[in-house]
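After the structure tokens below, expect a handful of questions from me.
Going by the order they are written in, the chains are A, B, C and D; count residues from 1 in each one.
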Amino acid sequence: MTQKTKLWSSFKEAVADIPDGSTIAFGGFAMPGTPFNLIKALLEQGAKRLTLVANTTGGAQQPRMPDIGMLVENGQVAKVICAFTAATRPTDVLPFTKYYESGEVDAELVPQGTLAERMRAAGAGIPAFYTPTAVGTELAEGRETRVINGREYLLEYALPLDYAFIRARTADTAGNLRFHRAQRNFNPVMATAARCTIAEIDEPIVPAGSIDADDVHTAGIYVHRLVQVPPAPEGIWPAKRQEKKR
Amino acid sequence: MSGTKGLNRQQMADRVAREFQDGWIVNLGVGIPTMCSNTDIGDRDITYHSENGVIGYGGVAAAGEEDLNLVNAGGQNVTLKPGAAVVHHADSFGVIRGGHIDATVMGAYQVSMTGDFANWKLKGQKGGGIGGAMDLAACARRVFIILEHVTRDGSPRLVTACDLPVTARGVVTLVATNYGLFEPTGTGFRLREIAPGLTVDEIRAVTGGTLTVADGLREIAVGG
Amino acid sequence: MSGTKGLNRQQMADRVAREFQDGWIVNLGVGIPTMCSNTDIGDRDITYHSENGVIGYGGVAAAGEEDLNLVNAGGQNVTLKPGAAVVHHADSFGVIRGGHIDATVMGAYQVSMTGDFANWKLKGQKGGGIGGAMDLAACARRVFIILEHVTRDGSPRLVTACDLPVTARGVVTLVATNYGLFEPTGTGFRLREIAPGLTVDEIRAVTGGTLTVADGLREIAVGG
Amino acid sequence: MTQKTKLWSSFKEAVADIPDGSTIAFGGFAMPGTPFNLIKALLEQGAKRLTLVANTTGGAQQPRMPDIGMLVENGQVAKVICAFTAATRPTDVLPFTKYYESGEVDAELVPQGTLAERMRAAGAGIPAFYTPTAVGTELAEGRETRVINGREYLLEYALPLDYAFIRARTADTAGNLRFHRAQRNFNPVMATAARCTIAEIDEPIVPAGSIDADDVHTAGIYVHRLVQVPPAPEGIWPAKRQEKKR
């Protein structure tokens, strides 16, 4: 099940079997590490009633790249679990926001660190943990807290995934990954939490053993499908953000 | 921002940045807080941490020299300083939650006299934009806030109690506004330094709770 | 071990190793379980994981070619297979606790008919040696045990209930002894395969609970 | 407080200010990554009533290297938190065991993965978490458990440290570390959990920037003091284990 079978020849094939109702996480923070090509393939594949997990739903910046908001606009999404249902600046607008406000799509708003830790917990077999984050806020209302050593903490549960869509710089045929700079972000964490991790890879995939064991960022045991990103325009690559006038 | 009284955006950021001590690890929020990294604070060595796991980033990359896979929390293409390290998101929030951030600087809509602040949700809004703000607010060793002293309609942003949903309670230790530098006291705010051109009475009129004034009140140094 | 009936140590390990399926991630405990990596199971690709964070280690290093900073859980100097990766201890037990280990093979003092087993503490001992055994026992997808069928004084090690402190409860799915290959059934043990030279009655006499026998009971293939 | 001040010229100076009553963790799993030189320095420094945290107390293997058992024998230790108070093989004997059995030194026996996770939690600001490990065993007797999604879990608390003694292959002047192979083990985890991390380094310490940001195993923010290990016999290096006859 290693080597040959981890290499997939197209994004279309790599997402073809994803069933309706799946929970799928998307790596990426701003542009780096965002699996643009897998998002595009999922838009075309058409799976429905999805629960999506990501830092944000996208679309506040220009140029607009394939994002979760497009999956929402495409009618594929039941719920989003994220740290932003609206943009931080009141003047920015996320395409997703109106679907949430109208009740068409559900959302669970989670602080970014709690979101990352809930997936780390799922991958590491921790069913629940306590955190100081969000204590005393609206997000903690009606929820279980506990005082430990004199401080109040909120109970949070693991967030397991069916699929993780991620992007890395380098991969070997065993599925070991390396990320470049801020490309890393949520990607290694999501890979551990998912039953099936699909990675889009910037560079040609190298033979197992080409990445030194000490230099691996995500172990191949967590990565199930690899697709190399073709050059633009066929493949989608991070673009330079257009700064808005304020 | 033109037309507002007192400090401009960079001057507010400068005043906060001058609080940073040698060796601190600092997280700067999107917007005005980012400008703290422009301030000249001599040879003090500050490590800037970004939520996406970049520890030790430097200035914004020069045009044409951007690495499109290297951004700060605001999505700007930045550079790395020597000694930088990259970690993943769970480890990055381990840095935050574990109390390893000496100071975080954030924007806000309101700060209360008990050190609560609100910066993720507007009145009547469904949902909001939390990002890493609640983690930073609850866990950084010091929470510094930069905001305009009054709203567009002239209401105080330094209030007795936040009427917007809070980001964290009792955590703010320092607030820089265009009018001055303040500390929440529990029953009001203490004016530590005043912006050029402002009077204490002017500030008191638009500040929630009891305004106390530091002995030998100094004017905030601007420029330089 | 000479003088014991039935399979020798390597043959017990061989029989368990032949259960490993292509693509499995396997953790081998210290002692006899380590010998599973010597077994020829054709071109099945097994990734061996060690508690200290080595994922994908290979055979023991040849004399003179040891890397003194590369050991398996037993402290032996091993090699790496192509595609190996190293992680730290918390991440390594994340692999275990997260259910990513397809099978763990451990030694034990006792296994009960309900799938409990004991391997960390002797009777009357204060403390003991847990290591990673409890994590592996509670969290691996399959727990395979290798042990001598009887104690030195001839008492069963496959028992109705462990009288030693357990490592985990209800987790053992397969047991290889020098007498045969067994599965705990809840009310006893099912003999899946028998070692050459043993009879079912001989085994029944020294096995706790009800011994059931697989249809068309086969002899364990040894050697080759 | 970076650069110059992280470089210490001797192990003696690096441990000189450690007070009585400190909680100190020691990296290492078998020989790799064990801070032999710092242990030796602590033996000479003489701090008392220490709580020590490590995988094991050492001394079951030959040749015997500086280990926690020696600190116990030297009368410096009040308590040990570890995964082995006795060896796995009944025929092996840990020098520590008799001190524990006689009640002279206290011990807290913790499953290895729980031990690692408790320190990871301390470093990451998680005060407590649930784990399936040790449920139904003697270690869980009288302790709080909780059923989550139908499975029983044990509550475990973070384990914060005053000091971490660790060993790495490479360091830069900012304190960034790289470990070689199985040298990594507990070391990065302990570094995050400690108020002060002291690292002994195999190779000459390189200028900040010499280790690429993507290649750092432990970020310099977690490392406070660096001492380069001198060549043997002055410095202590991993030795080839002598296999016992059975």
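In this section, a contact is a pair of C-beta atoms (placed from the backbone, for glycine too) under 8 Å apart; a residue touches a chain by one contact, two chains touch by 3 or more.
These numbers come from a predicted model, not from an experiment.
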Far-end chain from chain C, centres as C-alpha averages: B
Chain C and chain D: spacing of chain centres that average the CA atoms, whole Å: 28
Inter-centroid spacing, chain D versus chain A (mean Cα positions, whole Å): 34
Between chain C and chain B, distance of the C-alpha-averaged centres to the nearest whole Å: 56
Contacts with two or more other chains, residues of chain A listed in rising order: 117, 120, 124-126, 131-132, 179-181, 184, 213-214, 217
Residues of chain B touching at least two other chains: 54, 80, 86-87, 90, 93, 96-97, 139
Set of all touching chain pairs, with the criterion as stated earlier: A-B, A-C, A-D, B-D, C-D
Of chain A, residues touching chain D in the complex: 117, 121, 124-132, 146, 148-149, 151, 153, 157, 178-181, 184, 213-215, 217
Sites on chain C touched by chain D in the complex: 30-31, 50-54, 66-71, 75, 77, 80, 86-90, 92-93, 96-97, 116, 120-122, 125-135, 138-139, 165-170
Interface residues, chain D side, partner chain B - complex: 1-3, 120, 122-126, 172-176, 192, 207-209, 213-214, 216, 219-222
Residues on chain A engaged by chain B in the complex (per definition of touch): 29-33, 55-56, 61, 83-90, 97, 100-101, 107, 109-114, 116-117, 119-120, 131-139, 169, 179-189, 217, 237-241
List of chain C residues in touch with chain A within their complex: 22-23, 25, 45, 47, 49, 54-56, 80, 82-87, 90-91, 93-100, 139
